[in-house]
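Each structure below is given as structure tokens.
Two complexes are shown next, each including chain A; its partner changes from chain B in the first to chain C in the second.
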Partner chain A sequence: MSSVTSRSHGHSLLRDALQRLLRNRVATGSVVFLALMALACFVLPLFPCIASPNLTDLDHIAATSSLQHWLGTDHLGRDMLSRVLYGGRISLLVGVLSTAVAVMLGVVYGMVSGYAGGRTDAAMMRTVDVLFALPFIVVVVVFSLSIEEPCRQMTDYVVQLTGWSRDAVAPLFGLAPVFLAIGALGWLTLARIVRTQTLALREQEFVLAARSLGLSHFSILFRHIAPNLFGTVIVYTTLAVPGIILTESTLSFIGLGVKAPNSSWGTLIKEGADRLEVAPQLLVYPAIFFCLTLLALNFLGDGLRDAFDPKSAKD
Partner chain B sequence: MIRYMVRRLGQGLLVLFVLESLTFFLVHALPGNPFLGERKLPEHVLAQLNSLYGLDAGIWEQFFRYWKAILLHGDFGPSLVREGVQVSEIIMQAFPVSLELGCLAMLLAVVTGIPAGMLAAWRRNTRTDALLMFTAVAGICIPSFVLAPILGITLGAHVPGLSVAGWDNPLCILLPAVALGAANAAYVARLTRAGMLETLASDFVRTARAKGAGSGRILWVHALRSGLLPTVSYLGPAFAALITGSFVVESCFQVPGLGLHFVNATMDRDYFLIQGLVFCYGVLIVIANLAVDVCQAWLNPRLRA
Partner chain C sequence: MSNPRLRRHTTPLRRIARVLFGVLPFFFTACGDRDSSAVDAARQGVLLLGNNTEIQSLDPHKATAVADGKVISTILEGLVRPDARDSGAVLPGMAESWEAGTDARVWVFHLRSAVWSDGHPVTSRDFAYAYHRLLHPKFGGRYAEMLFPLRGARSFNRGESGWEHVGVRTPDDRTLVLELEAPEPQLLRRLLHFTWFPLPAHHVEKMGGMLDRRSLWSRVANWVGNGAYVPQEHRLNDFMSVAPNPRYWRAREVRNRGIRFLPVVNGYTETRMYFGGKLHISNNVPPEMLDYARTRAPQEFCRDAYYCTIFYRLNTTRAPLNDARVRRALFLAVDREALVQRVVRGAGKVAYGFTPPTADYASAADVNVQNMSQPQRERLARDLLAQAGFPEGRGFPTMQIMTTSRDVQRVMAESIQAMWVRVLGVPVEIRACEWTAYKAALQNGEYDISSCSWSGDFLDPATFVELWQTGAGNNCTGWGSPVCDEQLEAARRAADPQRRLACLAAAEREMLRACPVIPLYWSERTYMKSPCVGGWFPLLLDNHPLDAVEVKP
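Our next item is the complex of A and B:
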């Protein structure tokens, strides 16, 4: 990081990229939209105007929009706006955490593989090939079933240790199987991309210079090679988030993701799909929030790719 | 070329072996066992079930026994959850359904995605391009679990012939295929556009233009071949994934395909069924990757050396 920012006096890659990004109206629009969405999901529910997502209003069951319930209520009379916002919290949180896990694994694995080269590289890349050939859904299911119990024990342990209430701790550790499972598989593509880049960077003079100065492999990798991967990684990360949010929702749809009474956009859409005939709004509202967020993330990712790699942009 | 293919096939078989072995240890490491139903079984019944299916032996002994049965007899063992049914029977029953559905979804993705991508690349930076690419991104962002129920209730329930669920008349395949193929069509369109743009900017296309080749000829004859390379390498694995079914689409439309088994077998810890399914998937992946290699060699003469 540091060497990237210190170069930004002249025309650094980062600054050029930022300027190109700001000129892209669709991408800047997406940034604004995503910021608003994050604010709505994380800050808005703190105010009393948003009802609790689990509060049932028995006078209005599966109601359509009204002044009292802007997006109507679900089959148990729970306020849909509040449920969609709380669901967004979980979906965005899982998206960010899974991506963080995947990016960390992928960058380190790819860098080490590319930097080591030779047999180590070949072995590490064949491992990625095999993992790629595994049916994703089976591994995610196996993984989330396997770490459910350790996560539960972890919750007990944390509750004992800190004395916090179980309700405060449980949601985070309850989500752990989901984002660990997704993150544990999401790193494969990034590892391949990072490896290719590292292979090229390894041969450049500045690495030779660092090596002749007697720097350790560790510091060459993390101080000199890593900053040069920044552009690639940020572009890939933005493009990976929508895929990961989609995976979380698919898992929740199957019934393996977020457990009730917590909800994510995936579980809301599932509930809506089951009652589509009687109350289509239960599917439509969460689906709109979900699809728009994915759309914005994709546009932002495309914009970043064009900004960091002008060659790939429109001629 | 032949030697190259044989080597790739050898590599594929190795990947298949490692894949299947990895799955074996992965599923055996799952907590719980296949016989944990609603009713807790007495200890001695459980022990008897375990010995009946050979699950009481050491893990390595089970591992070698499992491979021996496959290699010598082509036997994937019985389902542990559905009594008296062989894994091969389950796969044989569900695979044709998923195959048919997957092929149609793939066909839809190819016949809409490739022309859309070509048109967008040809008319780059115009309204047509923007509209097509917006549709493609939207197609990626509307997940099948949103698309499937909406298709079902809007078209399936009202258009005669189409159906909301089931697998009894020939037309009912259409909606699940659209739900399954939409995202793939979108990916194909984006990849085709990117590949075509790169090719259209390359030297040999400029040469063709300079020699006076018509724009239609440049697009369809000169550029299409190498412009399709990225799409082809995407299509191989995507095809293998499509014809092994999709849990979401199959459960939305009540289609008796393979996708349901992948998830249910894992949840039920039906060891032999999971392993059989992964084997089937692995074989398809190997075949798909070989097919991709052949197609790429055919499309790009430079790869043939």
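Our next item is the complex of A and C:
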């Protein structure tokens, strides 16, 4: 698949793709933007100039931008910038963690299914079909509610064990039901994609060679097939993250995601939408952050797809 | 796009623009000038009424929510019916006339010749049957205590004596005699509540009998009633509609052609629906929208006094809330001034007592606490919490505030949570539940702290104080005290109205001392009313006789 020039210079597929990606200005811009956004969400709140996101000030409600509150305050006088950044932390974290869960499950499942073939393959794929038929949101809701209590106990345990403050631990473990649930159901598409790829790969000569050398199935799968799936998987991942952030927003919107007073972009947008007539800035600020991040992720995904597979190109 | 050259040149930005322009026209057509549903309905004479929550049951013995009560009061009628202009007055309903004995202990009601919607005559036995059912110990009616003024009702409800000892007699089909535990000059006001309504005995018997809690008699399709309306259609989370009952005895005086109750929990959505022409009368304008609604439609914005308390119930069966010092600390740490001024935006009055004050009943709040400054109260709260073994909140387990998904309650919970964290350092979480789940958790005692409101069922402090009787159906806190019960009992037996009120005040004071609840404020009702609505006047109990409401295009 690699071009003549790259072969003569001994370039790897990955490096080749990277070069193509860097030539795509929109995608490179997206990478920079995402890096800045992640930096802002995870590092900026550590500086004292950003107020605590849950500190209410009932004397300054829904204030507009000022030197003290750059993006104004919300309906309980909490600093909006801080809430948007902390909300971004949660949204991005859920996006990344759920995707990680989904990718791990999906890749292994799809690879095994495709490599095994025959009846095993058929059975595994029918299982995926059955899971596909279940209404996603309903299952996520039921699943996340059923693992809520164990996660709560886990939080208490971690707090006792480590002596960390509850405020630091609770948001992450409080979110565990959400990202576990989304991840546990989000791998289906990826499993199918990976299976098809594996079906093609296992007929290739290098797999035959590996087999004739007497390598175990395990090492064939993980040393020889898995690296060749890399491109597909990474493209899928970038494209899946926005969808998952959206799902988290949906869950928070119907009251199942983060618990008040913590916020995610989804809850902030919900609160803002309620107060649209009274204080439109409460909707506008989180919506801008949210939309830009989703757009950047989508552009990056598009760019990666083009970079890994030059033939699919620009439609 | 069939042109391949065009395809090739599409950049991501162009793609976004294409999507946007594809979608925008839909937004604009949605705002087109088609007649709104409110105008349509007004032309048909149908009233569109915001009704807060989804209805749980039309069976008056299973319903406890305000929303259910509003619907039930249109499809069943009691001995008397409410006046459109005065919550304290009553008009003849099923009873044509009545006499009270000299000391208001025995009441004789003479029924008119009215029929159920299936043509059967309404008899005094239908009333007796309904009271028998609600009070029956095996039925487990949550609102049974509403009938406790009847002689022997309480001991029958507890299973200590038989139905024949309860003071309800039916000398003939058109006469109903109610004998009370104690003189009750205000009995007629109590009778306005749906727990005193009759049931179609012949129909309930046919559909499974008196004690069948799962009986389907109250389903829309099976309904038999004697009210001004009959249920027409119930679509879950969409609407409940009622149509005039042609067999109602005042059918000609019903001023509209039907009512549609819309369960819209979110006040922002509801207010927006009102301005979008989807409602004639809304249920509630949330505090943050008050200014907006007032400026946008000053003539349509209504702000009425309301007989209602907003408060938190504490589950006294769970540690550490079983410690009165902890409960009191939580009570003191709430800055009510700030809450009412900033969060509720002035649509209410700061409450340190539970019962809203009326002309004849001052609140039983602790004057000392009321006169303290907030920093003093907070200091006291910290001391109490330290005495209870949690200095500065150390070691305090995480408590959950359970609220309905109602926006006002959520915002209030967040601000109170912040106050408790700041003053006491106790960890608090918020759990917002959908209404039915909330109600179930409350009644089963599966909560730590719950955000509640109670609106008076009749114009008398007893409707608030009697909640806190040990084991009362709507107590739900697990708290009870013999002193409080004694005073309530004394109030029921007191012949002198002044003495009765004093007993109620003593009971309330006892309750406030133990603090199973945290009173927050006495609310007002803020809502929108379309200019096409007539015959609607401010009522303290919000028990508007909806058949008197006119809708004109």
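One rule holds for everything that comes next: the second predicted complex is superposed on the first by the 295 of 315 C-alpha atoms of A that agree within 3 Å, B and C clash if a C-alpha of one lies under 4 Å from a C-alpha of the other, contacts with A are read in each partner's own complex, and residues count from 1 in each chain.
Assume contacts are C-beta pairs under 8 Å (C-beta built on N, C-alpha and C of every residue); 3 or more make two chains touch, one makes a residue touch a chain.
Quantities reported herein were computed from a predicted structural model and do not represent experimental measurements.
Of the two partner chains placed by superposition, only chain B is touched by A:L246; chain C is not. In the superposition on chain A, A:E277 makes contact with both chain B and chain C. With both structures placed on the common chain, the touch criterion links A:V138 to chain B but leaves chain C unconnected.
When the two structures are aligned on the shared chain, A:L208 is found in touch with neither chain B nor chain C.
Touch criterion met: A:K259 reaches chain C, while chain B stays clear of it. Once the two complexes are laid over each other on the shared chain, residue contacts for A:A100 go to neither chain B nor chain C. In the superposition on chain A, no contact is made by A:L36 with either chain B or chain C. Between chain B and chain C, B contacts the larger number of chain A residues. When both complexes are overlaid on chain A, the residue A:L76 reaches chain C alone and has no touch with chain B.
Within the superposed three-chain model, A:F299 lies in touch with chain B and with chain C [touch as defined at top]. Chain A uses residues 277, 295, 298-299, 302, 314-315 to touch chain B in one structure and chain C in the other.
Across the complex, chain C is touched by residues 26, 54-56, 58-59, 61-62, 75-77, 166, 255, 259-261, 274-275, 277-279, 295, 298-299, 302, 314-315 of chain A. By the touch rule above, chain C contacts chain A in their complex via residues 7-8, 10-13, 16, 266, 268-269, 272, 288-289, 291-292, 338, 341-343, 398, 405, 407, 410-411, 413-415, 417-418, 421, 427, 429-432, 434. Chain contact summary for the complex, chain A toward chain B: residues 126, 129-130, 132-135, 137-139, 141-142, 145-146, 148-149, 242, 246, 249-250, 253-254, 266, 269-270, 272-273, 276-277, 280, 283, 287, 290-291, 294-295, 298-299, 302, 312, 314-315. Residues of chain B that touch chain A in their complex: 15-16, 18-19, 22-23, 26-27, 29-32, 124-125, 137-138, 140-143, 145-146, 148-150, 152-153, 194, 197, 201, 237, 241, 244, 247-248, 252, 262-263, 266-267, 274, 277-278, 281-282, 285.
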